[in-house]
C-alpha cells in the first residue's frame, strides 16, 4: 500500500435485503477516496442483491462520489467471498412471519417483549434459527477467504458473533452496533443543559462501554475534562422526571411511534445500580424481569410494545418492491445527494487497512476486556482498531449488581448457543427457563417452547421436530 | 490422646433455644464412650440455656449413658467459648415475629415462600439480621478459642458460614444439614422397589452431593455396585406420577401437615435438567421462579405454604415453657431411653479428633470442590473428615443448566453478604432484585424492601433506618 | 452384580514386558475371590506377552489361588481391548538404548539426571517418544471399549495420562504410582521413634497428597489422632542429620545400590519450604536446579546417579530371557507362594466395581483438587474410588513457594505435550529451555536438543528429522 | 476547567536526587502552556530537593518557557503531598554502596547481573529495601491526597507499583518506563532499511506491548499499513548477524560504554520463541538462565556487565555536587535552551486532566489486559489515557513459551512482595530460589542470601537481623 493512492479492496456483502444498511455502507464508501475496488453482493433472495446493485451503481456513479467501486450480484456466497478482504454479514433470519411469531407466541403465555430480536424467548427463538446459518458462513469464510475481516450487523448480535467463533475460533470477526451512539447524544444534551455550552458532537463524549449488545452500560463518561457522572446524578433529581409516562406512551402508540422513549429505564439503572444504561429502553427492559411484568407497567416508563403487525407491514413493503422489480415496474433509484451515514463501518475498514486509527465500541469474544465475565463470551466494550488488529480496551468494572445481571444473560446465551450447535431440545428449553423474562409455570413454559419450535420448524432441520 | 481411654473435650454450645438440636447432640454424646468432658451452654435468653442444662443433666445421668459430661449454663458467650475444642452455633435470628414478617410481607406483594429462612426476600431479610451476630461470634471465637472447630446449624446456613469466613478467614467452621439424608432414604426406597431387595439403610446409598445448602443435587448415586440413575429414569415414567396433586396438598393443609410433600419437584429437576434435586421440595421450589408463581401452582406439585401463624404458635409454646420454668412450674425433663438421633454431629467430632474416619456432606467455602462455581463461595458437597481436617471431595460436575441456577443463588448471596457486612441498603436491594423469586415491578419491590427493613429495624443497628 | 458371587470382568493388559508389574497384578487378582474372568495380554513384542501368559497360568493354577482367570496373549491391541472392563497400560517407550541416551546426551552437556524418565531433558525426550503411542491407544480404547477404566503405570506418568485425555477427553483414565507409600513408611518410622509405639502399617498413616507425579508433597499427615508435622520438625533437628553424605553415596555407588538414599532432599523441602517431599530423593532432585549442579553436590545428600549402563544391563537380561524362550530353553515359572504385592491396583478395581470403598492417591486431570494449579493439568492427590467413579479430594494447599515450583513443572509438561501432539520442534525446544534443569547457554541447549531428536528419530515419525 | 486558559495543577515530586528525571519533567512542563501551578519537591536528603529547586527556577524563568510553575522544596513528604493533583515518585532505595552490593555479592557466588536493579538476587535485594518505603508513601498519599494520580519512575518498577497497590488498593498509581521507545526506534530503522523510505519517528511505529517491566515483548508491530513482523523475520537472516560479538563487547568495556549493545538478545527471543523482546539486552538477559551462565557467554552477544565501581563513581559525583552546594561553591545551573525530553510524562498529565488523548505503554495491575497472567500482577501493556482514567488495552497474547517465562517472573515478584510486606525471611529466600538466575547449590544460595540481608540490614528494620 502506498501512502497516497487509493487502496484496492474487495468487499463481500452477504444479505442486506433490508437495504438500509447496504445503502449506508455504499454511500460511506463512495465518500472515502482512500479505497477503491469491488463490492460483491449476495442474498439468498437473488432479486434482493440485484436491487442493491442498482442502488450501488447509482451511488458510485453519483457526481459527488469520490471513488469508484464495481458492484455486482453473485449467485452464490462462495462467489461473493472469493478474494474478499472484508465481509459484511447483514441477513434476516427467516421470513418476517417468524419474527412475528417470536413476539406473538410468548405474548399469549404472558411474556411481553418490545423488540424480541435479542433476548427473551423471542431472541432465543431467533438465535436458534440463525446459528446454523452462521456456522455455515464461518466455515465457508475460513475456507475461501480466511484472512478477511468479518463485520456482523445481524441480530441477535451476540449469538451471531458467538456462532462464528464457535465454528471457527480463528475467524477475524466482530459485531457492530450503533446503540451506544444514542447514549452519547443523550450525554451531549446533558453537557449543553448543565454546563451551558453549545451541544458537542457525540464523538466528543468520551464513554467507557461495558456489557453485552443491547444490555450495555457506560460506567464512566467525560467531555473535555468534565466528569459527566455528577451531571447524571443531578439530572435524575429533576422535578417530574419520574412521573408516570403512561399518557406519553399511549400517544406514541396511537401515532405509531414504535421506537420512541424517554430513556427513563436507562436512568433507572443509574438510580438502582449506580451505572447508566447505554442501550435504548426497549432493549434494556427485555433483560430483567421487573419492567415487562405487564404492558401497563412498561407504559409507565414511557415505552410501548412494537406490534408484530408493524413488523409484518414493513416486510410487505419489501415484497411489493421486489414484485415491482420483477415486473420491470420499479423506477431506478434516485439519489439527490450523498450523505455520510454517521455509522462507523468505513472508519473501521480504514483502520484495519492501517490507513487511520479508530477507537470505538465493538462486540468481540472476551479476551480480558471484562475480566469479571467469562473469557470467550462475546461482550461489547471499547476497542482500538489498528492495522489488521482490533484490541479491546479493559473497561471500568461494572458494579457487582449489574455485572451479575450481564453474566446471567451470558449464561442464557451460552445455553442457547450450545442448544443451537447441537440441536439439543433439552438445552434449548433450559435456555428459555434461565431467561430472566421466563416467570411462568414450568409446564406452561414447556408448552410455549414447543409451540415456538413448531413455528420455526422449517428453519430447524435436524432437530427431529 | 491415648488409644483407648476417653478423650477429654470441651464443647461450647451457643444458642439452642429450640432445644431439639441441643438434646440430639447431648444424647449422641452420652452414647459415645470415646469422649468425656464439659459442655458449656450459652443463649442470649439465659433461661433457655438453663433449661438445656436440665435436659443435659437428665441425659448424662441416664442409666444408658456411656460417658459423662459436665453441663453448665454460661452468662456470656466468652465464658462458654473459653477453652472450647468444638463450638456449636444454633441460634434463632430474632423473635419469631420477625420470621413471620419474612413470610407475610413478601406475600402481600405477591411473592410466596413455603419456608422463607434460606433464600428469596424472606431468606435475605433473615440473613441481614443474622450477619452482624455471626461476624461478632467469628471475632470472639478467633480471640478466645482460635483452634476450635465451629459447627453451624443455624439458617440461612450458607450465609451464616459465609459471614464467619468473611469476618475471620482462618476460622475452622463448617455447616451441617441433614436435608440430603432424605434423598438417601428416597433412593433406598427405589432400590427396594426396583431391585427387589430389602430396603437398605440410607448410609449404604453412595451419593455425590453438589450445590448450595437447600439447593443441592445428587449428580450420581449408587448402591452396592448398582448405578441408581437408571432407576430414577424408570421411576419418573411411573403412571400417574405427574398427576395434579392439588387434592393431596389441600388435605395436607387441612391437617396441618406443613412439611409433607411427594418429592415431585426434586424429580422435576431430573426431568428438566437431568439431575436429581437433593433437598425437600419446599426448599427447592424457592430457588427458581417457576413453581411459586401462585399458591395453586405450588399445590399442583403436592407442596403447600407453611403459614406464619404456625411458626408463631411454635414460638408461643416455647415462651410458655420458659414462663413455666420461671414460675418453678416446669417438671424435670423425663427421658425414657437414649436413642441415637441419626445426625452426624458426633461422628464429625470423632473424626476431627482423629478417632475415626467419616465421609459425609458439608457446607464449606469452595476450595475447588465445585470448580464451576466461584472459589470462596460456601457450597455443599461431600467431604472427608479426618484428624483436625475437613477436605472436600470434588463433585461430579452439575449439568450446565443447573450449575448456572446455583451460581445465580451464590451471586445473590454474595450481594446479601456484602450488604449485611457494610450495612449497605443499595446492595441489599440489588440482592432482592437479583433473587429469582423477585418478579414484581421494581418500584413495588422497593416498597416491599423498605417495609421489610422497617420490620427488622431493631436488629439492624447502623443501617440508619 | 449380586452380593456374594464373584463378578465376571475382563482385563486388557497392554505392555508389561517388564513383567514385574504384570506378575504383581495377576497375583493380587488370584488372591481376590470377588472377581473372576479373563485377562488379555498384548505387547508389541509378542513373545513378551506369551511369557506373561506362562506366568499367569502358573499363578491362577496355584493351589493358593482363590479365583480363576483365563490368561491369553493377543496378536493385536484391538483384540485385547475388545469387551474390556479395565485396561492396564504398562509399556516401555522404545528400546533401552534410547533410555540410555536420555541419560547420556544431556550429561555430555552438563545436565545430570539420576532417573531421567519423568522430567528434565531426559523426561522430555521420553515423553516425545511416548505421546503418539498414547494418543493411538486412547483412540483405540474409545472406539473399542469406551466404558473401560484405564489404569496407567507407564512413565512419564503425568504426560502419559495427559496424552490420553488430550486425545480423548471422555476417557476414564488415571495413573497409579506407589512412590507415596515410601513416605508413609518413613512417617511410620517417625511414629515408632517419637511416640514410642510399635511401628504402624503404612495404611494407618493419614497423609494429604499434592503435586505432580514424582514431585509430590505431603502438606499434612496424622496417625491415630496425632499430628505428625511436629515430629518432622523435631526430626530435622537431629544431630548429624544434615552432615555431608558423600561417603554413604560413594559406598552405594561402589555396591551398585542405585536406588538407595537417606531421604534428605525430601526433608530439605520441609526445611526450606515448610512441606515434606513425598517422592524419592532421586526424583525430587530432578525438579529443581539446586541439587543437580554437579554429581558431587548430589552425593552430599547421599544420592547417586544411576548409570545408563545399569539400565542397559537390565534390558540385556530381558533380551536373554526372550531368546531362551524362543529356543525353548526357558523353564516354566515356578511360584512358591502367592504373596500380595502391596500395590493398590486390585483394590481400585474392587472399588470401581462398587464392591468396596477405597481412598488412595492417584494421577488425574485437575478438576479442582488443586485449585491453585491449572484446571486440566494432570496432578496427583488423594481420591475416593467408588462405583464407577474416582472423585479427587481437594488437597490442603501447598505453600506458595512450592506451589509455584509445581506449576512450573506443569508448564513445561504442557509445552512438551503440545510439542508431541503437533510434532512441533520449536515448542519442544521451548519445553527444554523452560525445564528447571536447563541452565546452559541457549546454543548449547539447541545442540543437545538436536542430538536427542536424532537419537529418537525412529520413534518420531512426522517430525521431518 | 475552561477550554483555553491554563489549568492550575499541583505536582508533588518525591525523590529525584538523581536530577535527570526531575529536570526532564520540569522542562517538559515549562513547554506546556495548558498547565500552570506549583511543584513541591521532597527528598530525604533535603539538599537534593533544594538543588532541584534551583534547576526548576532556571527552567521556569527561562525566556523560552511558555508557562510558570512555583517550585519549592518541602521539609516533609506530607507537606509536598498536600493538595497534590499528581505525585511523581523517583527515589533511590538506599545509598549506592547497597546497589554495589546487589551486584557484587551474587557475583562472588557465581550469579552475574549486568543491571541488578529489577530482577535476580540483586533486584530482589533492592526490592526488599524499597517495599517498606513504598508502603509508607502509599498510606501517606491516600491520607493526604487520595485523588492524586501517582506516577512511579523508581526501579524495581514492578515491585514499586505492586507495593503501592498492596498497601492501598484504591490508589491511582502507574509506572512509566521508556524502555519500549528503543524498540520503536529499532523498528523504525528496519522500516527505513527494508521499505526504502525515510526513517519514520518512533511514534509512528504502532507496537503492541506485553510483559512485565524490562521483560516486555512486542507481539505485533506495524507502520503505515505495513506489518513489520516479516521485516524482522528477514532481518534475523542477515549474513553475520549472529556472529560472535565478543570483540565488540570487549571494546565497549575498554571504553566504558556500559550500556551499549547490538540488540541480539531481543532478536534471539524472536528466533527461539517467535516474539521480539522489547527491552534492552542487558535487561532481557537477566530474566532467563541461559545468557548469564558466564561473562564470556554474555559477551558473545555483545553485552557486557556494568561494574559496581561505575555505579559508585556516579554516586561520588552526586556527593561532590552536594558538598559543593553546601559550601556555596556550586554555580547556578545554566540552561541554554529548553528542549523536550522525549518522555511522555507531561502528555500523560494532559490526558488525565482531560485536555488530550494519549495511547502509550504503562505498568498497571493486570485487570484483564494480559488474561493469561494472574489478575492483579503489575504488567506492562498499552493503555488509553483519558480524563481521570487509564484503561489498559488487551494485548495480543504472547506465545505460550514466553508467556510462561513472564509468569515465572511474576511468581518470583509475588514471593518477594509478600516477603517484603511481612518481613518474612523464609519467603524471601524462596523468592531467591525461584529466580531463574539462581542455579547454584541451595546451601550456597542460603549463604549468599544471608550475606545480602546483612548488607541491607540498615534498611530492613523489623527483620530481626
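By written order: A, B, C and D. Residues from 1 in each chain.
The criterion applied here is as follows: a contact is a pair of C-beta atoms (placed from the backbone, for glycine too) under 8 Å apart; a residue touches a chain by one contact, two chains touch by 3 or more.
The structure displayed is predicted, hence computed values, not measured ones.
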Length of the line joining the C-alpha centres of chain B and chain D, rounded to whole Å: 55
Approximately how many whole Å separate the CA-defined centres of chain A and chain B? 46
Based only on mean CA positions, could you tell me how far chain B sits from chain C in angstrom? 44
Return the residues of chain D touching two or more other chains; collapse runs of consecutive numbers into ranges. none
Should the pattern of chain-chain touching be classed as line, ring, star, complete or other? ring
By the document's touch rule, what are all the touching chain pairs in this structure? A-B, A-D, B-C, C-D
Which stretch or stretches of chain C touch chain B in the complex? 1, 3, 7, 206, 208, 220, 222, 224-227, 353-355, 359, 367-371, 375, 382, 384, 386-389, 391-397
Per the contact definition, I'd like the list of chain A residues that touch chain B in the complex. 268, 272-274, 288-291, 293, 297, 400-401, 404-405, 407-408, 411, 414-415, 418, 426-427, 429-430, 433-434, 438-442, 445
